[in-house]
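Some structures to go through are shown next.
What follows is a pair of complexes built around subunit A, which joins subunit B in one and subunit C in the other.
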Partner chain A sequence: MTVSTASTPAPALVREPEGRPQRKGASGLLAVPALAFFVVFALVPLAGAVVLSFADWDGLGEVGWAGWRNWSGVLTDPVTGQALLLTLKIMVVSWLVQTPISLLLGVFTAGTQRYRALLAVLYFVPLLLSSAAVAIAFKAILDPNFGIGGAPGLGFLAQDWLGDPDLVLYVVIFVIAWQFVPFHTLLYQAGVRQIPTSLYEAATIDGASTYQQFRHITLPQLRYTIVTSSTLMLTGSLTYFDVVFVLTGGGPGTATRLLPLDMYLTGFSANDMGGASVLAVILVVAGLGLAFVLTRFSGFARMSSEQEGL
Partner chain B sequence: MAVTVTAGERSVRQRPGPAPVRRSRGLRRPPNVLAGLGGFVWLAVIILPIYFVVISSLRSQAGFFSTNPLVPPTDITFDNYLLVLQSGFGLYFLNSVIITVSAVAATVAISLMAAYAVVRGNGRFVRSTFSVFLLGLAIPTHATIIPLYYMITRTHLYDSLAALVLPSIGFAVPITVLILANFMRDIPNELFESMRLDGAGDWRILWNLVLPLARPALVTVAIYDGLHVWNGFLFPLILTQSADKRVLPMALWTFQSEFTVNVPGVLAAVVLSTLPMLAAYVLGRRHLVRGLTAGFGK
Partner chain C sequence: MGVAVALAGAAACGTAGPQASGGGVASAWIISGVTEKAFDNSFDAWDSAHPDQKFAIQSFANDPYKQKIRTAVGAADAPTLIYGWGGGVLRSYVQAGSVDDISDLAADPALKGRFLPSVAAVGQVDGKTYAVPNNGVKPVMFYYNKDLFAKIGAQPPATWGEMMALVPRFQAAGVSPFAVAGQPKWPLLPWFTYLVDRIGGPDVLNGIVANKPDGWSDPAVLQANRMIQDLVNKDGFIKGFASVSTDSGADVALLYTGKAAMTLGLPATYQTIKTGDAQFVADGKLGYFAFPAVEGGKGDPADVVGNPSNYWSISAKATPQEKQVARDYIKSNLLNDQYSADLLAVGNVPPVAGLDDKLAASTDPAYFRAVYDATAKAPNFQLSLDQALTPAQGDALLTNLQQVFLGQITPEQFSTAMNATIGS
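This part shows the complex of A and B:
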């Protein structure tokens, strides 16, 4: 047992474990700055959202008490229901679109062929762009008059993509896929590279076709990657905001007013911070609930994250 | 999410380059035409929009409205770039650099300390700290913006760069700590013990042992955090207002409304704002790719 607490700042918080007198632990105080930042800027606001959901506040003046008024107001507003439905729709469709593409691309880019490595370098370029850049770029590309539809032979692409309430949601789903598929491709690529080569060698000797190898080796071996990627995708779809905000602003009408967007617009455009906080609480509950269900069903004690939408 | 990136870090260091699936020559199968075809279709999906943006940014305004959008302009002009640079781009760029560097430096420093405490400390306090950070991964940032806006306005930080840096640190800390902690668990116990026996305190162990050994992991998390701060849109949108506090993603957004019909000008701004990340990608692709999947790789 060393007595070298000289340079250890205040070891008061560190209790010596009875069982192992040999090991002198690091001071818990070292965790305090990180913890403080996290508590002040993430946990406190989280609790604040619950408090403000009962408050009457326009974002500038004094904060008043509203009781359950915000809750009854938001929950009876048809826009809320629509936002929830849209969010659910975009979540499911995005998953259905992005998962097969990412999986196949991941398998594809994990191959050793030179051209595949080269393609992979280009595939990941969208990851470098900010959501604002992606949205602005697609706004120009999808312009019915001066966008890509103006090219000879591509006239069918000259649609009012962002102005047609029936089309716009699919446009949003496409742009989001464009932005996020590369990330999930990376996950799958890493997953495929973990699969032991010997499995493929044995299968080849047994005369298994490429498809059979994919079906009976690659897919089953990737099941944890599928869980990880799907969890990130599904929880991430609760936070699609930046791209949609810049691309459509929630419109036309309320055609792309997803839950986070509904929250932002309620708070910062309609100056109803109380109502927006109710939506924030719904968002948190939905996120935690989804993470819980997903980790339960996948039988996988892994926490999820919303990194995708940051 | 499973924060398991670092188990592989070491083996990556020993073997230069990622170890792809290697099939022995004798077993080589015929090329997969279908896969190749699909690969090039996706390439078109990715490249076409980028190509459109780049060539459009080199058109004159009149040229933009009159020509085939997919044929490069014959009279290339850099006027759009000049216009963007004269519209305060330098300042916005600098603001982005300032917030990214300060947020990343602070996050990495305090997260390294916390990760060390979590891995090497004992006692209930550090153990619960770890669970708190785990919980942090499941919190959607967006749900906290209204209380955050309240806090920032009441503390008179509204419309300052600090208003962007502080919450960015708060939200980057959990994932950063988890990744670093996972990496640190792989550092052999004996190294810590022997330094302890030599009478080294926490700070000296951090500085002389953890810092040099954790370098690859630090680069990885710094890139991961940096990319998020650099491209972040939500915090600048709600926590700043004036032009002199504008960061690049916001600048793009405002260019869009200022330039209105000057689409080539807006697209030039898009290209310019992406150049730093593109340069980083070209210079350190492997680090960047690892940084992007930090914590989610398996």
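This part shows the complex of A and C:
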């Protein structure tokens, strides 16, 4: 929300009886419900997690005081470092995989080719399915004996997809991409549709090729769409949970035990609420840090039109 | 961050869910699935005989129940009758004072002697009874495809050496020796537990469950893991076993479709095969045998590993009249004739003493007899280790064991990692 100042022209100002100009806008009281909601459902539980991270609690019985024991335990556990590294890896690789695919699909579906509408609907389907359904379906497809590898001519697909610790992370990244690319395609499609056709017409007259048009018109015009889509992808990857939980359960071994999954398993499988709260706090700090960096350095906060001068 | 907030919310409040206690109405939560009908019938019979003392029954799926009940017990919001598995979770309930000591009820003439002793023993903590069995017995046995055994002219092996000798013979015939679902981890556990028992005897397992220092470094544990890795290295398990899940019975399907010769499983294996290919069972192609002895091992080959049963405990937070209703129900209706017959009808063998007549009249007397005898005659019935240990240790055990199967860690690393969980 931009702050209007006294220099704002007349309609925003009223002359109070005392003669002192005041800013007229929505009363701050209107923010109270949203603020209360945020405090009760976000800040209070967050504070609860911080307190619990110093407590010794198995979900039953008395809550004991653990001091720094949970923190030192979690921070010296090699699984935590591995979980952080995996989360970082999945974040970067997911971005590298999803961005080009959704950008190209978005540009394609924004066009006017034949069958475009039909294909756009097909690309969109994965977004309609629940994560659990997607994961269960892929688990069945990837079964080495009764899955897709059993189909005639597709024997090479009968790999140890979910059981090979070196392979499983990329399988997870693939399934996540399959699920989320449609959403980002939609963003890019909307972005491309906003680009004035006059730019392309002028470029065509100047003799620019399709690639040159894409490189010098589409991409720069989509700058803020890329920023938005990337922000959603990167922060979203911090909370990948449902698909991975159902697909691999963090396994084999700890090969896909991402940070959110590590937190859940520590809390609700191993019943160590203290340790899980430490991981939750780490996750919150990582999320806030990432959001800060993204908004600070991507120009997210000072987004302006790319169409000045048109 | 959403997940973090959700976790903190669940941990801090923990009052979600229906109010189970209070109001003077006894309540019970049951697990949906094949045995649900037997439970429903039993409570219905009680309700019609005692219209003023009806039970409030709610049904849940297995995994959601396990998490829900813990939150409910922690919030003193549990149902009057708490459905459980015994072991480490029951012990944590006892330590938190969440369940009543029902030793007097178990010693009541009406109840004493109703259950198989090896199964009833799992409801005890430090010599006192806190839980009584309420469901079918689940010993783990080998199930095998008789056609494939006939093809190579083999007999069910009595020793580990004989079994290992079958591995290359099945491979030569183009059949994988063993099917196992390595993806969900827990199907790997009976392999480990049985081998430790057969090599070192029940004392080693008892030491582990009692958190004996360095209990996981016992030579029997190390040897068991070496034998597992040996079997993996000889391609004894189906190719890609770590990707095989139990969803839709893909592991058991390998057996009746002739891709694998044997699988080590709970009685659910039998039910899954009956659902998937009833003709396979009807034609007598399904065989079963006990886990073989290990040459030179101390364990009795009659020892059994698995889940003895499920159990009812009485919530300590229930009102006196709710507790009385629950006790009266247990005394008169728990695993009575009709209840036992209902369980048998869906392929579950109730842990009830003197069941001979009912077994003889069941749909597959030989099989149900084998399951019953394995349980009744077992010198030691080892509760699945992931249930017997604390949840944190059980979790670590499954993860480390999967890494042993995958060759990611050595047996020595497994022992070190598990010793480190003692006291956590």
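The rule is short, and it goes like this: the second predicted complex is superposed on the first by the 262 of 310 C-alpha atoms of A that agree within 3 Å, B and C clash if a C-alpha of one lies under 4 Å from a C-alpha of the other, contacts with A are read in each partner's own complex, and residues count from 1 in each chain.
In the analysis below, a residue touches a chain if its C-beta (ideal position, glycine included) is under 8 Å from a C-beta of that chain, and two chains touch if they have at least 3 such contacts.
No experiment lies behind these values; they were computed from the predicted model shown.
With the two structures laid over each other on chain A, which partner does A:Ile217 touch: subunit B (first), subunit C (second), both, or neither?
neither
So, does A:Glu201 touch the first partner subunit B, the second partner subunit C, both, or neither?
Only subunit B is touched by A:Glu201; subunit C is not.
Regarding the shared-chain residue A:Val97, is it in contact with subunit B (first), subunit C (second), both, or neither?
A:Val97 contacts neither subunit B nor subunit C.
Using the touch definition from the top, say if A:Val284 reaches subunit B (first), subunit C (second), both or neither.
Both partners.
Could you figure out whether subunit B or subunit C reaches more residues of subunit A?
B
Once chain A of both complexes is superposed, is A:Thr254 in touch with subunit B (first), subunit C (second), both, or neither?
second
Have a look at where A:Gly61 lands relative to subunit B and subunit C in the superposition and call it first, second, both or neither.
A:Gly61: touches subunit C, not subunit B.
Can you pull the subunit A residues that subunit B and subunit C both touch?
Residues 41-42, 44-46, 48-49, 52, 57, 59, 136, 139-140, 143, 146, 238-239, 241, 260, 263-264, 267-268, 273, 276-277, 280-281, 283-284, 287-288 of subunit A touch both subunit B and subunit C.
For subunit C, which residues are in contact with subunit A within the complex?
Where subunit C meets subunit A, its residues are 1-9, 11-12, 14, 67, 70-71, 73-74, 92-93, 95-98, 182-185, 238-245, 247-248, 250, 253-254, 259, 390-392, 395-396, 399, 402-403, 406, 408, 424.
Sort out for me which residues of subunit B touch subunit A in the complex.
1-2, 18-24, 27, 29, 31-32, 35-36, 38-40, 42-43, 45-50, 52-53, 56, 64-65, 68-70, 110-111, 113-114, 116-126, 129, 132-151, 166-167, 169-171, 173-175, 177, 193, 196-197, 199-206, 227-228, 230-234, 237-238, 248-250, 252-253, 256, 263, 266-267, 270, 273-274, 277-278, 280-281, 285, 289, 292-293, 295-298
Which positions of subunit A touch subunit C when the two form their complex?
These residues of subunit A touch subunit C: 41-42, 44-46, 48-49, 52, 57-62, 136, 139-140, 142-146, 158-165, 238-239, 241, 248-254, 260, 263-265, 267-273, 276-277, 280-281, 283-284, 287-288.
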